[in-house]
Amino acid sequence: MPYLSILVLLPLFGAILLGIMPESRQKDGVQLGLVIGVVTFLWSIATLMQLKAGTFHFQLVESYPWIESLGIKFALGIDGITYWLVFLTTLLTLVAMAFSHAQKVRPKTLIALILVVETALLGAFLSLDLILFFSFFELMLLPTYFMVAIWGGEGRRKAAAKFLIYTFAGSIFMLVGIIGLALQAKTAGGELTFGLTQIQVLAANGSLWEGTGDLQKWIFWSFAIALLVKTPSFPFHSWMPDFYAEAPIIGPMISSVMIKLGTFGFLRFCLPLFPEASVGAAPILLSLAAIGILYGAVVAIIQTDMRRMIAYSSVSHMGFVLLGIFSFTHAGIMGAGIQQFAHGISTGLLVLLVGYLVSRKQTADFRSFGGIKANAPILAAIFLFAILGSVGLPSLNGFVGEFLALLGAFEAGFNGSYGFGAGFAILAVFGVVLAAAYLLYMFQRTFYGELSEENRTFKDLRPQELFPALIFAAFVLWGGLQPTVFLRPTELSHQAARMMAIGKPGDRPMWDDLTLEIASKSGPNLGALVRVEAIREVGVPVTSNFVVQPANLHPPVLGKKPDSKTAEADH
Amino acid sequence: MNGVPLAAYLALGLFMFTAGVVGVVIRRSPIVIFMCIELMLNAVNLTFLAFARYQFSTAPALAQNPELATSNSIMGGQMMVIFVMAVAAAEVAVGLGIIMAIFRLRQNIDVDELNLLKG
Amino acid sequence: METSAPLAITPELLLFGGIATAAAMAAVGVVAFNNAVRSALCLVINFFLLAFIYFTLQAETLGIIQIVVYTGAIMVLFLFVIMLLNLGGSGLLQQKGDKRMPVAIALGVVLFGLIASQLLPGLMSVTKPLAPDNFGAPQNVGRALFTQYVIPFEAVSVLLLVGIVGSILLAKRRI
Amino acid sequence: MLYLPVPQTEWALILPILMVVLSGIFGLVVEMVHPKRDNNLIVTASIIGLLMSAFLLAVQFGAPPIRSFGDMVLRDPLALSMQFIIVIGTALVILFSEAYLREKKIPFGEFYPLILWSATGAMLMVSTTNLLLIFVGLEILSISLYVLAGLCRTEERSEESAMKYFLLGAFASGFLLYGIAFIYGATGSLQLESIATALQIGNPTGRTLLMFGLAMLLIGLGFKASFVPFHQWTPDVYEGAPTNVTAYMATVAKVAAFTALFRLLGASTGLKEFWVPVLGIIAVLTMLGGNLMALRQTDIKRILAYSSISHAGYVLVAIMAHGIAPDKVGPNAIIYYMASYTLMTIGSFAIVSLGARNGKESTSLHDLHGMWQRSPAVAFCLIVFVASLIGLPPTSGFWGKTLIFSDALTAGLTPLAVVLAVASIISVYYYVNIAYHAFVPDGTDADTARMRPGSLALRSACILCAAGVIGTVIFFTPFINAFGAK
């Protein structure tokens, strides 16, 4: 059963159906769109249930020839890194569609656009071919542009154009990088291919970048810039506040999934394909992450528009993900993985609640609220819960990711891996504190204080509004109480990504070599590469403990490596 | 015509061509510009015939064994000239037609707005 | 090429020099005269002299065509249109002095000198025409036209058709 | 007596061209017999003729490359596919012309024969490596276009555009011919292949002549293909000419010019240290200049004119890559790019032609307002074209750019690839602006001239173009297998 193709193409199919429906049948279109959204969501759950634990390899792999002359395939696969991201995508787009249900202007078209974006997101997460990934990566641009430019607020055109140009500017260089990578892979491997796993084999055995000088770094940065824009990381973030403030409320909701593509891209492409360059660039990216965490938090403090505040807090929170990834520690990378999911859930919830506020008052400026707790106690309670989840209160989901990411950063710092020591981590801790400050301040100004005359009629959540909020809230709580449930499916794949980056050539796991596995038990063997006897069905837990190669458990110590000089020169 | 170097013909051609280009750039009246273009075309024709006659490029081969010279190479220049003339005739018919049409529309063709080299 | 011998002054060279100087002056006249009719007449002179140069290059057929087609047909058409336009608005074909004129002329001279100094010195020694003397005879031209160059020849028929239809379309009085 | 062998004749090579000429003559006869009637018969005959020509080309796909008619006419993958693109492009232009000409009140049935003959010139030009035939083909193409540009006899803009186009075109032809003369002088032949032979002999004077000839040829072709220092005529001419003629000029005429340039540079690899820096600068100027100037425009025809300039720059990169490494970089990129460019540009102009009403034409961005309400299908097509012009997947524009990037990197033109990327970023802004305006609801009363859904033929032209833009992506492999060179 082609689970993944169906998952990816189902929303697109729905969008086409909606597109050819006559304009007069708006209501039917909306209903149909919602049905497609629900079906996609359920199908994603069914797909995730097919997956087996205990392997870092791609599962449910599908591969169809597309452009044979250029070695481009329509290849999809799912692994631990994408496990929760897929779930997040289908869930959040469904909620976004439900939210735009009440939209007055051409709701059918809006829902069709959301469905196209859903296809693009799922496709980008699941594709195993660089060109296919890029296609999906770009496919979401125009629908998102129109979503903002047509249905947005006052400054919508500027915000939409800013989003489009930033993202496109980043990604077009990635396209050049992808082509350069494929040409290099052809030089190294003798065959033109854009297949992720095929190129990764070359990277893993070290032949891909042998004797190419700075090429690896150039291509790494062509990817990294695109991904940093998407994340958005510190110097490339300025599209995001405008986008959050001007887009209709579904914009940020979908965007909270879309920005995961950035950090996902680092795990999926940068670490496996450009190992040396990734390690070499770590100081720069860690600095950007730390600056982003602090900068986002500081700027968030002075915002009065709740949507802008969430945008800046996202810049801050995504900084933790970057911090975790580029600490190259087990804990850090696990934290990054889970933080992506947690941030999606808690930001989704926050945006949803802000959307409810905006739908009542037509403004997101929290100064015009105040005291509405009296009228809307349920809303206030859930809002507080969402904020606590977002700031990382222990026992709620935001805590796990941030804690692990910080742990990783400290570990890397105390090992002396990077020149800055534990400085990054210490800086980042301030970010957590600040986040608590501004979010709680916003909550206080919105819900406490004097109830103004015009807010007397403020209504609490209706049941149909409460329902999606409760789903999110349940995940916030569950993720905090039982983090292992969320961590376990992702562990080995994240480990693999880390080892692909920091292992020596030959020590790196290969996606294409199904006889290689990573030992999953904690203990001395954690992260060891294990050779299983024969090619077996993917997903059967590893039984052999025959360790062929010990893996490098610790992040590389940059100061002592011969290539540290080139890493510095790169900046 | 022995004694006249190829360079002399080319120099005359180049001179006429340059004069034509200068004329196109500085003159405003479309008819005169068009005449300057005709001047350029004739410079081209002269160049073609000079090259065809002197067979400069095939000289080493021709000097050794004359039958090596392909007729394509020898006749090419003259053929080109014939076709340039034919094209020029058609161009003149159409070009003057356009000038007539615009004249009829405006009664004035010394058009200052017709700045050819401005966007 | 052979070693560059000093250029011998021959009667042919003197004759060519005379014609070339006249043709060049006529070319300057085309560009410089403010009156379009004078420009056209200069062009006629230039074309006529060119025809003569074609004869000296042994391209007799083309020399004749030059006179018949260019001087005879094309230039007459030009003069005809100029006269026609002159009837409509007097003085419109005049052009007053232009500030750009000296700059353009200087530029032209520099361009000419530059290109000539690059291209021509290497060709000074090429004084011996290698093509057979009868290469411009009508039968040779005709044969080439109908064998090797038959496709362009046929294509030109389409071109002339375009010219005819196009000029009728543009010039017919009623739309 | 100089003996010239009677050339052997391979009729299959010129049959497609002959087909187009004959349908043009048929159209002319019909127009003479039944003047001023509706032109449906001529349109139908033209399209049938073009389709038959396309069929005659299609059966030759994959046939071995040969030359015939005294080495004049050539059949190779590039020639076949470019001819095919020209034929299909012409058919699409004709398809949307009838409605446009009627609205614009241009009552000339001769339009169709002229455009068909013009296509003949383009077809000749792409299927030869002989400079003489390239020149003759170019002139057939251009002279018809001069007439067509001035077809709107009542409009001063149109006549002026014709005049400008004519004078600059003839001027460019002068340069082109002068270049050919010097190449002939240096090689003793009019065949492009002889350039490489002449360079091998290595006569220094010959090399100088060749360089000068090549420079002149590049100036001439630069005018025709509107590269940046030679582009000034483009926006005015494109704006003034009737929209369907503009569509034709921007596509078919460029296909022909690019193919000639492609063959020229492929033949003069030996001179690459001379032309790579020159053309490199021109390419940079063209890509950036075209896009930057487009930013300020509010008229769609002018925007598309500048956009076509920038696309010319993109194609130039691919052509240069071929010229640098002809054995490593084949013609696939420009074949695909030109096919995609032709489809999306004709489609966009077809939509622009919707602004014609009752002898007038409105082509500002605001005239697009309300398109989405009036005709969702057309608006959707517009978005497809815009996405493709930007180069967003899953449209053919994306694949075209990908192929160009790939060629550029293979040939070591990485700086140009980066400039191409930057230029695409600039282009996003104005392209997406076009699409945005199609979505804006029409605020004014219905009486003002707005682009409205046109005739069935016009809409089908749009939809065919959009289908082509998407179809060449889905069926990329069959497309390349059929058209491309191995």
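Order as written gives the chain letters A, B, C and D; numbering starts at 1 within each chain.
Here, contacts are C-beta pairs under 8 Å (C-beta built on N, C-alpha and C of every residue); 3 or more make two chains touch, one makes a residue touch a chain.
Bear in mind the structure is a predicted one, so any value in this text is a computation, not a measurement.
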Quick note, more Cb pairs in contact for B-C or A-D? It is B-C
Quick one: report the Å distance separating subunit A from subunit C, using the average Cα coordinate of each chain. 71
Subunit B to subunit C, mean C-alpha position gap in Å, rounds to 6
From the C-alpha centre of subunit A to that of subunit D, how far is it in Å? 43
Taking the mean of the C-alpha atoms as each chain's centre, how many Å separate subunit A from subunit B? 65
Which positions in subunit D are in touch with at least two other chains? 2, 4, 70, 132, 136, 139, 143, 146-147, 150, 153-154, 205
Touching at least two other chains at once: which residues of subunit C meet that condition? 1, 115, 119, 123, 132, 135, 140, 144, 148-149, 152, 156, 159, 162-163, 166-167, 169-170
How is the touch graph of the chains shaped: line, ring, star, complete or other? other
List of subunit B residues in touch with subunit D within their complex: 13, 17, 20-21, 24, 30, 33-34, 37, 40-41, 43-44, 47-48, 50-52, 55-58, 60, 70-77, 79-80, 83-84, 87, 90-91, 94-95, 97-99, 101-102, 105-106, 111, 113-114, 116-119
Which positions of subunit B touch subunit C when the two form their complex? 1-12, 14-16, 18-23, 25-29, 31-32, 34-36, 38-39, 42, 45-46, 49-50, 52-56, 58-59, 62-63, 69, 71-72, 74-75, 78-79, 81-83, 85-94, 96-101, 103-104, 107-110
Subunit A to subunit D touching residues, read off their complex: 19, 23, 65-70, 131, 134-136, 138-139, 141-142, 145-146, 149-150, 157, 161, 164-165, 168-169, 172-173, 175-176, 179-180, 182-183
Footprint of subunit C on subunit D - complex, ascending: 1-2, 4-7, 14, 21, 25, 28, 69-70, 72-73, 107-108, 110, 113-114, 117-118, 120-121, 124, 130, 132-133, 136-137, 139-140, 143-144, 146-147, 150-151, 153-154, 204-205, 208-209, 212
Can you list the subunit C residues touching subunit B in their complex? 1, 7-8, 10, 12-13, 16-17, 20, 23-24, 27-28, 30-31, 36, 39-40, 43, 46-47, 50, 53-54, 56-59, 61-62, 65-66, 69-70, 73-74, 77-78, 81-82, 84-85, 88-89, 92-95, 98, 100-101, 104-105, 107-108, 111-112, 115-116, 119-121, 123-132, 135-136, 140-141, 144-145, 148-149, 152, 156, 159-160, 162-164, 166-171, 173
